[in-house]
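Two complexes, one shared chain (subunit A), two partners (subunit B, subunit C).
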Partner chain A sequence: MLGSLWRRRGRLNRMDGFQKLLTLLLIVLGAFMLLPIVYIFNHAFKPYHELFVYPPTFLVREPSLQNVNELLAVTSRSTVPMIRYLFNSVFVSGLAVVLVTGVSALCAYPLSKHRFPGAGIVFAAILLTLMFAPEVVQIPRYLVVSELGIMNTYFAHLLPLMAMPIGVFLLKQFMDQVPDSLLEAARIDGASEFFVFWRIAVPVCMPAVATVAILAFQNAWGNVETSALFMLDDEMKSFSFFLSTLTNNLANNVAMQGAAAVAALIMFVPNLIVFVILQGKVIATMAHSGIK
Partner chain B sequence: MASISIQHLYKRYGKDKQAVVNDFHLDIKDKEFLVFVGPSGCGKSTTLRMIAGLEDISEGEVYIGEQLVNHLPPKDRDIAMVFQNYALYPNMSVYENIAFGLRLRKQPRHEIDLAVRRAARVLEIEPYLNRKPKELSGGQRQRVALGRAIVREPSVFLMDEPLSNLDAKLRVQMRMELIKLHKTLGATFIYVTHDQIEAMTMADRIVVMKDGVIQQIDTPETVYTSPNNRFVASFIGSPGINFIEGKITEGAGDRLHFSTSRFSLPVTKEAAEAMRRHNKVDRRVTLGVRPEHVGPEGLYSDSVFTAVYKVSELMGADRFLHLDIGQDSLLVARVDAHYRCEENERLRIVLDMSKALFFEPDSGERLK
Partner chain C sequence: MSSKIGAGGVIVGKSKLGVQETDSETPSAGIGKRRAGAKSRVAALAAEIWKYRLSYAFVTPFLLCFIAFIVVPVIAAVALSFTYFNAIERPRFIGWQNFQYLISQDLLFLKYALPNTFKFAVIVGPGGYIAAFLLAWLISQLPGKLQKWFALAMYTPSLTIGIAMSIVWLPMLTGDRIGYLNSILLRLGWIEVPQLWVTDPDYLMNAMIGVTLWSSMGVGFLAMLAGILNVNKDYYEAARIDGMKSRLQEIWYITIPSMKPQMLFGAVMAIVTTFKTGAIGVELSGVNPTPAYSGHLIINHIDDFGFIRFEMGYAAAISVFLLILMYVSNKLSWGLFGSKGDE
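The block that comes next holds the complex of A and B.
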């Protein structure tokens, strides 16, 4: 115990003044970044009189499940059971993660590792779509979905999410770093092109794949647009949409603020879990890649 | 049978671009150890990659055995390749790396296991079979890459500078092991390197390349003693061959001399005939002589001249003297390690004219 403390001190002693200052600064910044998360967790368990206390407090003093009960009461009054919304969201988000990473990787691989005429233009066009605000494409997107006749289906939830230019960009940039000889070695060993992609390129790019998966999950989990625009029946709508209808128009209301606080926590937690799981993967694969 | 025949091979990137590989024509015998050597960008790797099928062929034909392979994918060419950066699959263990090619060929599990363990024993990597490539040193990684190639038992091994990422000592050791491996496997080896020492030590035949064109194809000994041109002479050998600019003059008794502004050396009878044949009397030529054929007076009596000692390099058993003889570059002579002299001392130097080579000063072609 004392020994480990001594070693730690030793490491601190090796730093010069600037490094110590930098470390301190990063610790402060890290703590600052943590504040919203701490706030969300505490807020959800504050009883009403604490929710509206002035000045607002970060930490809860008398934690209670009052807000949870309020949310449950509200959801029990709705015509569609909450579990249905939750299923829709989990199903769509899970499928979106698989499809988005798959489509992005399949798109990035030839752009990065194969030479074909027009590759530059295709990549430029994909990057160009990053410039459009989501509102701009809402109407064309609606037209596409309705013309395809997939309104009110899970496919309409997924299709707009599937093209994720930032995912293609990330994966392509990462694949550019993978030495060609790795893929060539596999080809000489007798692997088919898809096998090379699936068993060599994708595993080697795992850090980027994990990053894209995180982004895809966040996108899909928090998505209310597809439910609002393409879903006609209530039982096809997502959990995030349901929660947003609960907590909308609450700007100057006292009622339901407790339910809203719990809803915010519920929306946040899966993101945190996915991030924590995949973040470990990101670091592990980067350290174990053995490319460098 | 895995002889390889390469017929007038060209590689161009873009239609009207200059050829990177220009009229490469060569027959490689079965079980031969052939080395492509040349400076970087000379097209040696591109040629190898065309043989492997990793690069499209712009023009010409490649036969492996009797089969034309121009349009065959790499996996159907019965080849294995070892890359400079090892190209091990980072997500798989050493065992998986070696077994990968066999698994793809759907061999039975026990055969794969046998083959992998045998290769691992030969290459002395048995203790590392369960490790990931990143946990291995450079030398061990290179062995794994070799293991991956040999388990497939291909008839042709292609190696693209496999030793360049290793340290000097390990490189010498791996060179010997590659020679042994070639003897045991009885396969055709094509080896690409920019290191002339690797070429000299391992090759049955060397192909010297420059700017996409073959300069000479010969045994290491012939390439060293009888280079086709100035480029080959300068590229092979360490330290490099000495070039002395001068003129052929007619001396007493019909004998020809090689003369510079400072000295004049008699030319041998055979060389004299060649000079007359090429009409070089009273014309400029370049004389090439290797450092081991230059030395202090006492060896060959009729070709003595004076040089000013500048610096020396001790190589252990030998010492290389750098001497000023009034040329643009210093003359290098190989002497015994115990040889001592003062800076700027004037030395009596002899040159073995029977070993001297003569080159056309402009084109660099050998005059023989």
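The block that comes next holds the complex of A and C.
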């Protein structure tokens, strides 16, 4: 972090006046926007008497590992080993990122580039369902999952995640920008349609693919719904669900708050890492190419 | 694609034309087919579908999941809106009664949820959209190395949803003189007594709007940032040679037209997320329902009937109403940004 700050310094000298002013302005705004991250990191290391200060403070005064110990104590008491929850989450999230981006891109490509009969209906359905409030859909979805007979399996974690209409919508919008001449040239050279999709359309739309991957990971990693509704055995539930149960259903809301604060940090850090890596990719590909 | 500058929106239409040409079906052949009887029309459609079999193979994996976990449940929910359903007994068909009650007698809905949602959406929708675009553009003007970190900063509220939204703002907006906003305003002498920013019905809505705007840099923002960075740099160069001077002109004549698909995506996402916002009022004020229903939005109304009163049929009816509301707003914005290619 310090190193990159130093490099930024060096770059500052090479910027024009507008960029310098802008950077300054955005640093002030950015610092304000970043407050939640500061809070999450500090909150995890606050001792109990600091956790409940009102109004809440951002910075920890006497950092301690007390909360970490509390979380470890809680998890060692749980009947299912923590590693099992962690495995479920990592397994489902990893697979979800690959499957969601792959399946969404596969669907977006013909929607954008082939005018097959029914394409309009599919796209309209994607947009319309995006607009439906999720609250009342839960019960019917539960019935679908139980009718399919996939209750309590990894399929019930994965398949609902794969239906991510935002991903298809986003990828379709980016693929609209890919010039047809590019695809046509490859087709004339005898490339198969899948080759055109995989080696031309997807790489050109890499920024959108990476953005969809970010979203897919966020959805999958933080997902508690499928664990709560579709999983009967504790061994099948996700890490995020387990952490969310730490503070739920307790008679008072003081107990376990320390463990919950650490849990929030643990839930957040993978999101942060995935975002920084993939968003870096988005910007890096942009710097090199750009659609011509 | 040199014609891209002025005509970014036409790209879609053009691309589709391009594909049609390669389909080796001349217009006259199509008309001939249409003139033949219904039987051959079915056959022609079948042939057409067969010709696109690869496209269908591509969309099938997504479509299967989409239909099973989204389309079917949504259709079921729409069907529920015509029933009385308490989540325990079997749904009982009652026709339009839910909708009639909703638009004629549900005072909480008509007096609070609907006007509140309108006020909220009119400011947060366009405001959040413009803010997301402007910030994306400002970030794109920075040197490449910095972009990632500023994108992270702006996206933070979306990355930490729920965890920190209210927690960051509560110390600012606390009603006593310790609250940051109160203490600043008191010191400046702008107010004489601390204001109850989140518990006073007069202020709660404004606080909700402010906080939601702060967190409106979501996926639409990421898409627009990528869209802006994606614009061919040669266009700016060419425009500069042609005498374009200000950056505002560049935005209006080059950036926006070249990234219409992303602008459209951002607009739809702004509408969807705005209308689907609900929890913020409860989180800020700390009570449910919000004081004097001042922060009661349509989503709160759905939650209220769905999860507290267990009238799922009625909650479904409100959801359908909300869907129509979003659809109309969407049509309005597509009129502004859409091109003929996208329906």
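The definition used in the following text is that the second predicted complex is superposed on the first by the 260 of 292 C-alpha atoms of A that agree within 3 Å, B and C clash if a C-alpha of one lies under 4 Å from a C-alpha of the other, contacts with A are read in each partner's own complex, and residues count from 1 in each chain.
Basically, a residue touches a chain if its C-beta (ideal position, glycine included) is under 8 Å from a C-beta of that chain, and two chains touch if they have at least 3 such contacts.
Bear in mind that the values here come from a model prediction, so they are computed numbers and not experimental data.
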item: Subunit B versus subunit C, judged by how many residues of subunit A each one touches; value: C
item: First (subunit B), second (subunit C), both or neither touched by A:200; value: first
item: Which of subunit B and subunit C A:190 touches, first, second, both or neither; value: first
item: Which superposed partner A:282 touches (first subunit B, second subunit C, both, neither); value: second
item: Contacts of A:97 with subunit B and subunit C, given as first, second, both or neither; value: neither
item: Touching partner for A:181 - first (subunit B), second (subunit C), both, neither; value: both
item: First (subunit B), second (subunit C), both or neither touched by A:213; value: neither
item: First, second, both or neither for A:260, with subunit B first and subunit C second; value: neither
item: Subunit A residues contacted in one complex by subunit B, in the other by subunit C; value: 179, 181, 184, 187, 290-291
item: Contact set on subunit C toward subunit A in their complex; value: 1, 11-12, 14-16, 18-20, 22, 45, 48-49, 52, 54-56, 58-59, 61-63, 65-66, 68-74, 76-77, 80, 87, 138-139, 141-157, 159-160, 163-165, 167-168, 170-171, 174, 178-179, 214, 217, 219, 222-223, 225-226, 229-234, 259, 261-262, 264-265, 268-269, 271-272, 275-276, 299, 302-303, 306-307, 312, 315-316, 318-319, 322-323, 326-327, 330, 341-343
item: For the subunit B and subunit A complex, residues of the former touching the latter; value: 52, 54, 73-75, 79-81, 83-85, 87-91, 100-101, 104-105, 132-135, 148, 152
item: Complex interface listing, subunit A residues touching subunit B; value: 179, 181-182, 184-191, 195, 199-200, 203-204, 206, 288-291
item: Subunit A residues touching subunit C - in the complex, by the definition given at the top; value: 4, 7-8, 11, 14-15, 18-19, 22-23, 25-26, 29-31, 33-37, 39-40, 55-58, 103-104, 106-107, 109-117, 119-120, 122-141, 143-145, 148, 159-160, 162-163, 165-166, 168-170, 173-174, 176-177, 179-181, 184, 187, 193, 197, 207-208, 211, 214-215, 218, 264, 268, 271-272, 275-276, 279-280, 282-283, 286-287, 290-292
